[in-house]
Amino acid sequence: MIMAKSEHRPEASIPFHRTEIRVPLFEVDLGKAVYHGNYFHLLELAREDFLRCLGYPYRVFMEQQLHLTIVELSCAYRKALHYDDLVEIHSGVGWWRSRSLAFEQQIYRLNDSGDAQLCTNATLNMVCVRFDGRPSVLPADFVGLLQQWAGKGPSG
Amino acid sequence: MIMAKSEHRPEASIPFHRTEIRVPLFEVDLGKAVYHGNYFHLLELAREDFLRCLGYPYRVFMEQQLHLTIVELSCAYRKALHYDDLVEIHSGVGWWRSRSLAFEQQIYRLNDSGDAQLCTNATLNMVCVRFDGRPSVLPADFVGLLQQWAGKGPSG
Amino acid sequence: MIMAKSEHRPEASIPFHRTEIRVPLFEVDLGKAVYHGNYFHLLELAREDFLRCLGYPYRVFMEQQLHLTIVELSCAYRKALHYDDLVEIHSGVGWWRSRSLAFEQQIYRLNDSGDAQLCTNATLNMVCVRFDGRPSVLPADFVGLLQQWAGKGPSG
Amino acid sequence: MIMAKSEHRPEASIPFHRTEIRVPLFEVDLGKAVYHGNYFHLLELAREDFLRCLGYPYRVFMEQQLHLTIVELSCAYRKALHYDDLVEIHSGVGWWRSRSLAFEQQIYRLNDSGDAQLCTNATLNMVCVRFDGRPSVLPADFVGLLQQWAGKGPSG
C-alpha cells in the first residue's frame, strides 16, 4: 500500500490551518477535473497561507537563502476537484526534525448544503537546504513557532 | 514510511520502456530545479510514449470515451532535475486488475560521461473510468497487449 | 509596432474592476520572474473576479454551453513580477459587439510605500462560441450588465 | 488593430526553422483545446530547437549570465490546437538590433492528408539582460550566426 499514513502523529491529533480557495479554470484539464500535477498548486497556496499565519512566511526562509525542498510526496485523489469548486484546505505539520519536516494536507469540497467532502489527502516530506544545495537545520525561530502551534491542539 | 515500494511486482522484474527527454525551461522554478508538480508532465510524456509503443496510444482510450484516472500517486525526488538536463524515463506497469493498474516510473539523468543517475522514482495508481465518471473494465485488447509486454522480461 | 493600443475606447475612459493577488511561487521561473505564459493565469483570475462582481460569473456562460474563446492577445511586460509581489489587476471590457469583446487589463505592483507601479498591460480579444465550436451571440443579459457597467465611468 | 504584422521584415522573406511536436495532454484545458497561456510552452520548445540548430543553444546564453527576456508579445489563435495534434512550428528572427530581437513563429497542424493548416501566429520581442537585470548587447558570436542564417533565405 503506497499511501500508508505517517505514524509519527495521527492526523486527528495535529492542529491544522484552514485556507479557502476557489478552483481556477487554468488548473483543469480536458477530463474536466483538476490535472493531477496541479493539485500541488492548491496545496502550495495553502502552505503559504499556513506559514504566513504561523508568523513565518516562506519569503523569510528565502531571505536567509533557504528553501524547503520536497524530497518525497504522496497524494490520494479520492474525489476529483472541478472548475469553480469552493474548497477548504487543511494544512498541518505532522512531524519535524532538525533538518526536515512533513506537511499533512487535506482538501475538502464545500458543498452548497454546507457539507465538507474529503477529496484529496497529501503528505509532503521536505528538507531545509541552502540555495547552494547544502542541507541546513531549520531556523530556530521557525521551530519555536512550530512548537507553539503544535501545543494548541486541533483547531477544528 | 510513506513511499514503501509496491510489493506486487518488484521493480527489477518488470520490463520497462525508455523515453529520452530534455528538461524544458518552462518546467523549472525559482529554485532552479523542476517544480515538484511538473515532474508529472515529464512522467506523462513518457507514459504516452510507452502506450504508443505498446500499440495502444492514449488517444484510443479516449476514442472509447475512457480515461485512466489517477487515484493515488507517490514520488521520491532523490536528485533535483535542472533546465536542459537530458533524462531517460523508464516506464512500466507494475500490476493490473480488471479496472485498475499501477505505473512504475523512474527518471535517470544522463550525464556527459554516459552515466545514468537515478533522480526520481514514482508510482501512479489509476482506474479506468468512462467520461461520465462511472468505472469501467480495462479494454480487453489493451490487457492483451499488457500481457504480451509483461512476458518479455526486462528490456534493460 | 505590434502593441498599438486599441482605439475603440481609450483606456482612460473605461471603468475598470480591481483585484488584488499575491504572486504564487509556482508561477515563477528560473529567471526569478513570473514566466511569460503564466501572467495569463493572473489575468484570468482577475477576469473571473470581474465577471463575478458584474453579476455574471463565467460559470453561467458554461451552464449555457458557452465559452469565451481567446482569438488574439497582446501583452507588454514593462516590469517583471516576482514571487510574493502584491499586485492589483485592473480589468475592463474595452469594446463589445454581438459575438465578441475585448478585455483590457493592467497589472500594478503595490509597493510597501503604497505606490502602484504599472508592470503589465494586456489586451485579449474573445469570441463567444458554443461547446461544439459554433459561434454564438453574447447572452443578452450579459450584454445588459456590460452596458450598465460601461455607463458608470471609471471607478478609479 | 492590435496584431498588425511586424513591418520590419515580411514573414515570407525570413528563413525559418521547423520543429515537429505532438501536443501533450497536460497543455489542454477543459475546453478541450490548448490553454491560451500554454501555447507559449510549445513556442518555447521550438525556439530552443531553433537556437540549438543555429549552433547557439539557450544554455550558452545562461552560461554567460544572460537571459533573453520577453518584453512584448502578441499571438493570434486562428484555429485551436487539440490533444495529440501533430504540429510543425516555424521559428525565425524577424529583426534584431544591438540589445533586442523579435521572434516570429507560426504553428501549423499537420493533418492526416499531409496538409498543413496555419493555427497560430505569434511575435515575441525580447531584450538581452544580465542575470542582475541590467541590459546587455547580444553576444557577438550569436549575432554572427544570425547573420549567416538570415542570408540563407527561406528554408521552406
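Assorted remarks:
Labels for the chains are A, B, C and D, by order of writing; each one numbers its residues from 1.
Methods note: contacts are C-beta pairs under 8 Å (C-beta built on N, C-alpha and C of every residue); 3 or more make two chains touch, one makes a residue touch a chain.
Every value quoted in this text rests on a predicted model; they were computed, and no experiment measured them.
The greatest centre-to-centre gap from chain D, using C-alpha centroids, is found for A.
When the C-beta contacts at C-D and at A-D are tallied, the pair with the greater total is C-D.
If you average the CA atoms of chain B and of chain D, the two centres end up 30 Å from each other.
Between chain A and chain D the centroid-to-centroid distance comes to 37 Å (mean Cα coordinates, whole Å).
The distance from the centre of chain C to the centre of chain D, with each centre set as the mean of the Cα atoms, comes to 25 Å. Residue numbers of chain D whose C-beta contacts span two or more other chains: 25-26, 35, 37, 40-41, 83. Of all the residues in chain D, the ones that touch chain B in their complex are 24-26, 40-41, 44-45, 48, 57-59, 62, 83-84.
For chain D in complex with chain A, the touching residues are 25-26, 28-30, 32, 35, 37, 83. Within the complex formed with chain C, the chain D residues making contact are 1-4, 6, 31, 33, 35-41, 67, 69-78, 80, 123, 125, 131.
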